[in-house]
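Listed after this line are the structures, all set down as structure tokens.
Next come two complexes built around chain A: one with chain B, the other with chain C.
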Partner chain A sequence: MHGVEGFMYPNEVELQWSILIVLYPFITGLVAGAFILASLERVFRVEAVKPTYRLALLTAFGFMLVAPLPLQLHLGHPERSYEMFTTPHKTSAMAMFGFVYMWYLAVVLFLEIWLDYRKDIVLLAQSATGLKRWIYRLLTLGSYNVSDKSLAIDERAGYIITVIGIPSAFLLHGYVGFIFGSVKANPWWSTPLMPIVFLFSAMVSGIALVMLMYMAAVKIRKQQIDMRCLDTIARYLFYTFVIDFSLEMLDLIHRMYESGESFQSLDFMVHTRLFFSQVLLQIIAGTCVPLALLAANQVYRFSDATRRLMYGAAGGLTLIGIFAMRWNVVIGGQLFSKSFLGYTTYKLEFATREGLLPAVFLMILPFVIIWGLITLLPPWSATHARVVGGQHGGVS
Partner chain B sequence: MEVTRRHLLLLLTPAAAAFLDHRNGVSAAAPESKYKLADHYWGMIVDIAKCIGCGNCVRACSQENAVPSGYFRTWVERYSVPDYPEEHPIVESPNGGMEGFPNTEHKNTKNFFVPKLCNHCEHSPCVQVCPVGATFETPDGLVLVDKTYCLGCRYCVQACPYGCRYIDPHKEVVDKCTLCYHRISQGLTTACCETCPTGARLLVDLKNPKDPVHEILRTNAVQVLKPHMATGSKVYYKSLDQSVR
Partner chain C sequence: MKEAAHLIRVAALFVTALLVFLLVRQKVMPATFGQYGHFRGSALEEIRARPIAFAGRPTCEMCHDDQLKVLKTSKHANIGCEACHGPQAKHADDTAAAKPILPDTKLLCARCHEANAAKPPKFPQVLSKDHSGGEACNSCHQPHSPKIG
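Then we have the complex of A and B:
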């Protein structure tokens, strides 16, 4: 049979989950990671990353809106997906997605952004004209009280929501990892480490994305970049990346040492069908190189221009590496037979429902949404003056 | 007509009976059927030594259940196992074994056929993962799919360790062996058992004390596929070689 090597069960030849399901953990990972970076400033008082706080929230929100779309597009009957809310099957990890998603989107992200921007929205509702004025008036939700007392309540509520938001972000992406990690039929997926590996890789990708977004935003706006902020983000990226890489290596070493029933199959794949995406893209280009770039900055002080270049390269490669990791989990996990006697091939189509074209569109869409959000709610607004640690702080 | 308290009380008894039937999964049209869900618990015994790889079962299943071309509710594999190392068998299943098998090129090996189908597991991973409960276990021991409810998310296909599920390309919902439920609930056997010329497949009712399954299970070395998966498979294999996966 074309594309098949060895023996596959006859129903296994066709892959069930396509590139769209690769996008799903990639996008939710970016959401969780971006939110956790935002919470660094809000909860852990890492003041240096403050210039990225609002940008990180809007980035998380933009990607969160797109997160369910690849799933919807993939379903055989998307018109029935509401059944997951109305009659969820309680033993299914997937059934809980809707609830975790709605909790995170509506309760955590929306409320946090609204509370943080409330003063800006009220001021803009009074100063803007035309359609924008109506949008801002709608966004006030009828609350125009921006007294110091009211803003202090907002600040307190925002803090509590962020505190709740951190475990929620963990839950969101840890849960995505559990969807794969709990499939005992598939040894490539079935490991209790999967949720935690997904979680740390999510943090890595989200931090890298916000770092790149911040660099791009500063460049577009022709502003002076805050190097202290950039250095701090890069440092956190390095720390989380070290943990992520250690966990993945632990998983790999464990599998090699145990050499269980499936090991020969998985080993064969890594050396053949997944060699490019796993060894070259994920491990070498997407992990070792960015880790080396980030590590070099921990031991040696390069010039500002060199550091920007190194951080930019590290961020870009990190995103490629994490995307490759998602690819290797989702696609790689379906390339071998559950009989461990054969291998199939994934044929990426182009302009079909689950092809490359809709995947590219779905990756561009969040940036369009974020651009819209930034236009409506500028993260660098001069009116942004939130009480932090009892002091009024402003953002450039 | 005015509905009096007397009428209401008279209606209560049949209404309660209908409600209990509905809760137990007996349809309104069922009163004439003698089939009682609680009286059966279905499974199958496959005798590998008896299978000749003719493909009758695959063809019968395909016709009986209108299985789309290229997909299989049941299929037959041919194993050619060298004496050493046994964990590297050569396995073939051309078109699911539907047209039988060409003569084997492997002469110095242990050759045998293994019919496969849904194992109707007692602890089905596919039922566990279905996000809406479209895949469910019946009280008489089958794993079935409500196709009007299935989202087509394919999570159950991933969760099945035996490769028994596929997505119907026309209906975009999952499909699998029903153990010919439409036949066995009418007192018939499955299409695959009916057409097997050697009796390699035997439909069994584990709740029927007179069923030969009890004697077979007592007096033979019987295995299930991938026992380490602990799925509670109810397809039992006689003479199963350890190389079979």
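Then we have the complex of A and C:
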């Protein structure tokens, strides 16, 4: 049979989970990572990353809105696929997505953004005109109280939500890893390390994305980049990446030492069908190169322009590497036979329901949403002043 | 309390959204959902209403008992008739309306018996190119009782 090597059971020949299921953990990872970067400033008071705080929240929100779409598209049946949200089965890890999603989107992200922007929204509701005025008015929920006391309450509430939000972000992406890690029939996925590896790779990808978004936003707005902020984000990216890489290596070493019955088969797959996406894209281009670029900045002091270039390259390669990691997990886990005696091929379609075209569209859509959000709620608004301990904080 | 009034409003918004969700859920949830378990009860009826494709071995045996007698004594005894001959419910309903096409044994037998290193060594397998040179398998083997001699 074309594309099949050795022995495959009939139900293994065709892959059930396509590129859309690769996008699902990739997008939710970006959400969790972006939120965790935002929480650094809020909870851990890392002042240097403050210019990216709101941008990170809006990025997380924009991607969160798109996160369920790959699943919906994959399910097909638009007339009933929404039922995964209305009638989730409590014993199915996959169906629990609805609960995790609604908690994170509505309670954590929406509330945090709303509380942080409330003062801006009130001011804009009074100054804007036309349709925008009505949108801002709606967003005020009829409350125009922006007294110091009221803003201090917002600050306190926002802080509590962020504190709740951090374990929620961990839960969201740990859960995505759990979906794969709990499939005991698949040795490529079944490891308790999977949720932790997914979580750290999510943080890596989210931080890299916000860093790139910040660089792009500054460039578009023709403003001076805050190098202290960029250096700090790059440093956090480096630290998180080191932990992520160590965890992945730990998993690899563990598999090699354990050398279970599946090892030979999986090892063969990595050296053949997954060589490009795993060894070249994920490990060399997507991990070693960005890690080297980021590490070099911890040792040497380059000029601002060189650092920007290095961070940009590291961020871009990191995103490619993490996407390749999701690809290798989702697609790689379906390429080999449970008999460990054969391999199949994944043929990526183009303009079909689960093809490359909808995948590209789903990756562009969050940026369109973020652009809309930024237009409505500018993250660099001059009115953004946070009350810290009853005092107005800095202006970003 | 006055200073936190907006928080009460947002809480009210959430409660309203939850109530709307529950109402919409009630409205859009299929009526028979949960009747027998975590699925639409009417799905059973829908599945039952679908046309039957396979007749089943006992049905084949009603007319072709001579073939079944041979099959039952051979290595292929446990293979269902329709695994090779395809779904035959229409033929069982009206033998004249749907006449089964005899399978091409060159392709059919190779599905299981083409040599592959991954198959258990005791399983009968041949390289059909070397073994028959393009000749149909049933020119030597009787598929219902394939052993020769």
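Operating definition for what follows: the second predicted complex is superposed on the first by the 377 of 396 C-alpha atoms of A that agree within 3 Å, B and C clash if a C-alpha of one lies under 4 Å from a C-alpha of the other, contacts with A are read in each partner's own complex, and residues count from 1 in each chain.
Here is the rule we go by: contacts are C-beta pairs under 8 Å (C-beta built on N, C-alpha and C of every residue); 3 or more make two chains touch, one makes a residue touch a chain.
Just so you know, these numbers come straight off a predicted model, no measurement behind them.
Asks: Looking at the superposed three-chain arrangement on chain A, would you call chain B and chain C a clash or a fit?
Replies: After superposition on chain A, chain B vs chain C: clash.
Asks: Contacts for A:N186 in the overlay, against chain B (first) and chain C (second): which applies, first, second, both or neither?
Replies: First partner only.
Asks: Can A:I153 be said to touch chain B (first), chain C (second), both, or neither?
Replies: Second partner only.
Asks: So, A:A93: does it touch chain B (first), chain C (second), both, or neither?
Replies: first
Asks: After lining up the shared chain so the two structures overlap, which partner does A:K222 touch, if you call chain B first and chain C second: first, second, both or neither?
Replies: The answer is neither, since A:K222 touches no partner chain.
Asks: Contact-wise, after the overlay, does A:H2 reach chain B, chain C, both or neither (first, second, both, neither)?
Replies: Neither chain B nor chain C is touched by A:H2.
Asks: Go through the superposed model and pick first if A:G142 touches only chain B, second if only chain C, both, or neither.
Replies: Only chain C; A:G142 stays clear of chain B.
Asks: State whether chain B or chain C is in contact with more residues of chain A in the superposed arrangement.
Replies: Counting residues of chain A touched by each partner, the higher count goes to B.
Asks: Does chain B (first) or chain C (second) touch A:K338, or do both, or does neither?
Replies: Once the two structures are laid over each other on A, A:K338 reaches chain B alone.
Asks: One more residue to check, A:R301. First (chain B), second (chain C), both or neither?
Replies: In the superposition, A:R301 touches no partner, neither chain B nor chain C.
Asks: Quick check for you: in the superposed arrangement, does A:N11 touch first (chain B), second (chain C), both or neither?
Replies: After superposition on chain A, A:N11 lies in contact with chain B alone.
Asks: Pick the chain B stretch that clashes with chain C in the superposition, from 97-105, 151-159, 205-213 or 223-231.
Replies: Superposition on chain A puts chain C right on top of 97-105.
Asks: I'd like to check the shared interface: which positions of chain A are touched by both chain B and chain C across the two complexes?
Replies: Shared contact residues on chain A: 7, 83, 87, 89, 339, 341.
Asks: If we count contacts the way the header does, which residues on chain C are in touch with chain A in the complex?
Replies: For this pair, the touching residues of chain C are 2-7, 9-10, 13-14, 17, 24-25, 28-29, 33, 38, 116-119.
Asks: Across the complex, what residues on chain A touch chain C?
Replies: So the residues of chain A touching chain C come out as 6-7, 82-83, 86-87, 89, 106-107, 111, 114, 118, 140-143, 145, 147, 149-150, 153-154, 157, 339, 341-342.
Asks: Can you check the complex and tell me which residues of chain B touch chain A?
Replies: So the residues of chain B touching chain A come out as 71-72, 75, 77, 89-93, 95-96, 116, 125, 127-133, 149-155, 157-167, 171-173, 229, 245.
Asks: Once bound in the complex, which stretches of chain A touch chain B?
Replies: Going through chain A, the ones touching chain B are 7-12, 14, 16-17, 71, 74-78, 80-81, 83-84, 87-89, 91-95, 97, 179, 182-186, 334, 337-341.
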